[in-house]
Amino acid sequence: MLTYIARRILLSIPVLIAMSFLVFLLVSLSGDPLASLKMNPRIKESTIREIEVRKHLDKPVIVQYGYWVKEFVTNKFGTTLLSDDPIAPDLTRVLGNTLQLVVGAEILAVLLAVGIGIYSAVKQYSVFDYTATTFSFVGFSTPVFWLALILQILVTNLYVSTGFRLFYTSGLNSATPGNFWLDRIQHLMLPMIVLSVAGIAQYSRYMRASMLEVVHSDYIRTARAKGLSERRVIMRHAFRNALIPLTTVVALDFGALFGGAIVTEFIFSLDGMGQYFINALQVRDVYPIMAWLMLTGGMIILFNLIADVAYGFLDPRVRYE
Amino acid sequence: MSSAGATQHGAPLPEAPLGHDPTDDVLLQGLQFKARSQWALARRRFFRHRLAMGSLVILLLIFIAALLAPHLTSYKYDELDLANTGVGPTFAGRHFFGTDQLGRDYFTRVLYGIQTTGRVAFLVAAVSTAIGTLIGALAGYYGRWVDNLLMRFTDLILTLPALVVLLTLSALIGEGSPVKIAFILAFLFWTYLARIVRGTFLSLKEKEYVEAARALGASDRRIMFRHLLPNSLGPIIVNATLTIATAILVEAFLSFLGFGIRPPTPALGALISAGQGSMLDLWWLVTFPGITIVVICMCVNFVGDGLRDALDPTQQRASG
Amino acid sequence: MAEPVLSLKDLQVDFHTEDGVVHAVNGVSFDLYPGETLGVVGESGSGKSVTVMAMLGLIPQPPGRILSGEAQFGGRDILKVKDDELRTIRGREIAMIFQDPMTSLNPVFTIGFQLGEAIKVHHKEMGDDQIVERVVQLLRMVGVPNAEDRVDQYPHEFSGGMRQRAMIAMAMANDPAILIADEPTTALDVTIQAQILQVLNKAQAETNAATILITHDLGLIAEMADRVIVMYAGRVVESGDIQTVFHEPRHPYTVGLLDSLPRLEADEKWLRPIPGQPPSLINIPPGCPFHPRCFLREGREVCRTDIPPLRPAGSADQKSACHFAEELKGHRSKFADVAAEGPAS
């Protein structure tokens, strides 16, 4: 098991390196990050020259990449290209905020989806099942950003017409929060709902499908023939098996969530990973983009590994050598 | 699972009347999938077939309306009317979706937006299907180093952080042009199909009828297009359909963030983005383009699901 | 004869499918007496498995529907009792062994857990230590070596034969009054089959349970059963003492079944299969369901119009559902001269 994990980690290093190189190339070639500075008459020629020298922009891209690797490794993610600010503290802050959002949304999505999926499968072709199916189709077909806007309109109008502040529609906290965490939850609730809709739609279909497969298997018939209660048959024998594929999917998605929810954070003005990435992309600052990428890519790879390990843990037939 | 049923007797029975009893198994397990009460049966038929058919009709109506936009409305999509700014949805005033801050008729703008969005989506589906089919077919048919090369390439595209590539490429070479955006999306969307087609080709190319065709001197190209491709058509069509829905959503997302199609070309995502600033007063500016996207995508998804039922019974889409 | 331990009367089961209503079981009746082994034999879709599944409430409803029937067991009709009560019967008083041991055990729980669970659910008063002890004892009884180690293993660590032993152990766990074995050896290798039959015999002796053995394998029936019922298209077409039925069948279908079996010691040039196919259970032919394949039907309208009832024919308790069973009087199967072990070669 340990050798398996070690080997997987070792194998993932070249993937990360290749990915970092490709993206570095892509971003570097996408345009001159100093273009807007150069057009600004108030920025001195010497300042621009200073940045060019500091980040070796006058060298070929491959050399620039080498310098980036050096800075990334020796100086905790390095500093931004334009203002030479250290990246690590910013990244830590936005990661913390993003995690509160996405972990909450993911837990919400998984709990609801598992419940819906099981019930849909047990009551296959019931009115509940069809309703759930319809909702998941609506969920697949709804643009996340649009849902966010509609919820903002609804909640704001509720506040305007009744004066009742249920949720906030932007930011992480009020300027003077009464209770910090209650205030934080009121801020994060809407984005969490928005983010979880797609997850509920997808996971509930997934859970339903694997549950359906399991409840028709021979060993479920055996469990019934033993005289177990239907509840135990479903919640113990079927559930335990049906959970295996879902666990893998959720673990994989979880890794990607570290990248933040770009559009949701953008609309709700949340200071998270996605927003951080978009801001860096807009000014074409390759250093924070690369920092974001390495963190996200690393997390995706880590959770890929966790997904596999969890699979082996849940399914005794799987063994790693 | 099954056995010859004659093992006790030393020799397998010709036309053994007492084989292993598959029907009993079916009755006990399989029928739970296939069989249900009369009411459930009717519901299922409605759901599976009428829904897909109904969705198809709605889709056709929407797209025909979009194409006939110049004849359906008396407004131009960029026609300003400063006397009628911020008018809510009204039948009497013939502004079904209201007007924006500059008095432009939003129904007209949505119709033209559907045109753009639809064109992009179809282009994405066509291009990604073509790439995916070609790469999958070549890899599956020729195998060996061709397969290795093409599949490693596919893996590379798959491992790229899609969002980064999408946003960077759109910002870099998209230039707000629908065609360019469509090609960028297609470049990222073909990988799944390539794997499916490769799989079918791999399994089919060893079949007897392919051997027979080869023995008769059919060319590789003829075998691929005449014998193998038709067998992969089901998954290809289903995948192309579902790609349309995905493309619409991703294009809307890009355009909303300003990385996709940019004004003055009307696109649904851009329309929502434009309405966002005053959405608390002029709620219709955000609501109607969004509902249009939801309706189109849902119809496409239902059609895709119906097609899957009809064409591709082996495939189970976990997500749909 | 003693009182039957289980008495099934006129069971009818339908399945509603997309293609139509499948009439899986059409008025099956039989009695099961204490200590005996009743063989149920029939080909694909004859309704033999559905019959016992329906009695135990193991067919899903819908699509399945029990139209009529009565199953007297322990002074009550188990087709009518509430689910909760039926659960106390299942696994405790009536236990089942299924066909495919590879798929009949839950892959994510240990053998010990699954056996222990079968005990615990009916014996809430037993402590965990007692249960483990009993599980090990059961596994030993069915011939699982190193039982005390293997209780902690998962099904995939067991071979097919060992898994079927574990299934038998599970069925024996609560000393049931009735054991139902549904094709218990079909999925196994020939060499393993014989071992499993031994274990099954032992389980029967140990629990003293009346046994229903469902199989398509006439050899197995001849070896194990005391009485046999032959099913066709969801009906019992012949029943009786094993010797009588095998030697002097009184239904054309049974005649056909026996004729289609090879006998190694006889110099046979051809096996004689029954012509035609089993009927679709959605459109069962009118009249006698077997008439399209029957050698007695020639020019006889009644075969096409009237369903023959199961009535006494031939000796002792033998019954046949054929209008012309009398014509088979004196017919002796090619196994008539074989000694008690029947047609198994």
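Points to keep in mind about this one:
Note that the chains are named A, B and C in the order they appear, and that numbering of residues resets to 1 at the start of each chain.
One rule holds for everything that comes next: contacts are C-beta pairs under 8 Å (C-beta built on N, C-alpha and C of every residue); 3 or more make two chains touch, one makes a residue touch a chain.
As the structure is a computational prediction, the values presented were derived from the model and not from experiment.
C-beta contact counts were set side by side for A-B and A-C; A-B has more. Here the chain at the heart of the structure, going by C-alpha means, is B. Centre-to-centre separation between subunit B and subunit C, using Cα means, comes to 50 Å.
Rounded to a whole number, the gap between the C-alpha centres of subunit A and subunit B is 24 angstrom. In this assembly, the C-alpha centroid of subunit A lies 55 Å from the C-alpha centroid of subunit C.
Shown for subunit B are the residues in touch with two or more other chains, namely 28, 32, 36, 40. Residue positions of subunit C touching 2 or more other chains, listed in rising order: 58, 100, 103. Across the assembly, subunit A contributes residues 217-218, 221 that each touch 2 or more other chains. The residues of subunit A lying in touch with subunit B in their complex are 15, 19, 22-23, 26-27, 29-31, 124-125, 130, 133, 136-138, 140-146, 149-150, 152-153, 156-157, 201-202, 205-206, 209-210, 212, 216-218, 221, 245, 249, 259, 262-263, 266, 277-278, 281, 289, 293, 296-297. In the complex of the two chains, the subunit A residues touching subunit C come out as 217-230, 232, 237, 240-241, 244, 314-317. Residues of subunit C that touch subunit A in their complex: 56, 58, 83, 87-92, 95-96, 98, 100, 103-109, 117-118, 121-122, 154, 156, 167, 170.
Interface residues of subunit B facing subunit A in the complex, by the touch rule stated above, are 28-29, 32-33, 36, 40, 43-44, 47, 159-161, 163-165, 167-169, 171-172, 245, 249, 252-253, 256-257, 269, 272, 276, 279-280, 283, 286-287, 290, 293-295, 297-298, 300-302, 316-320.
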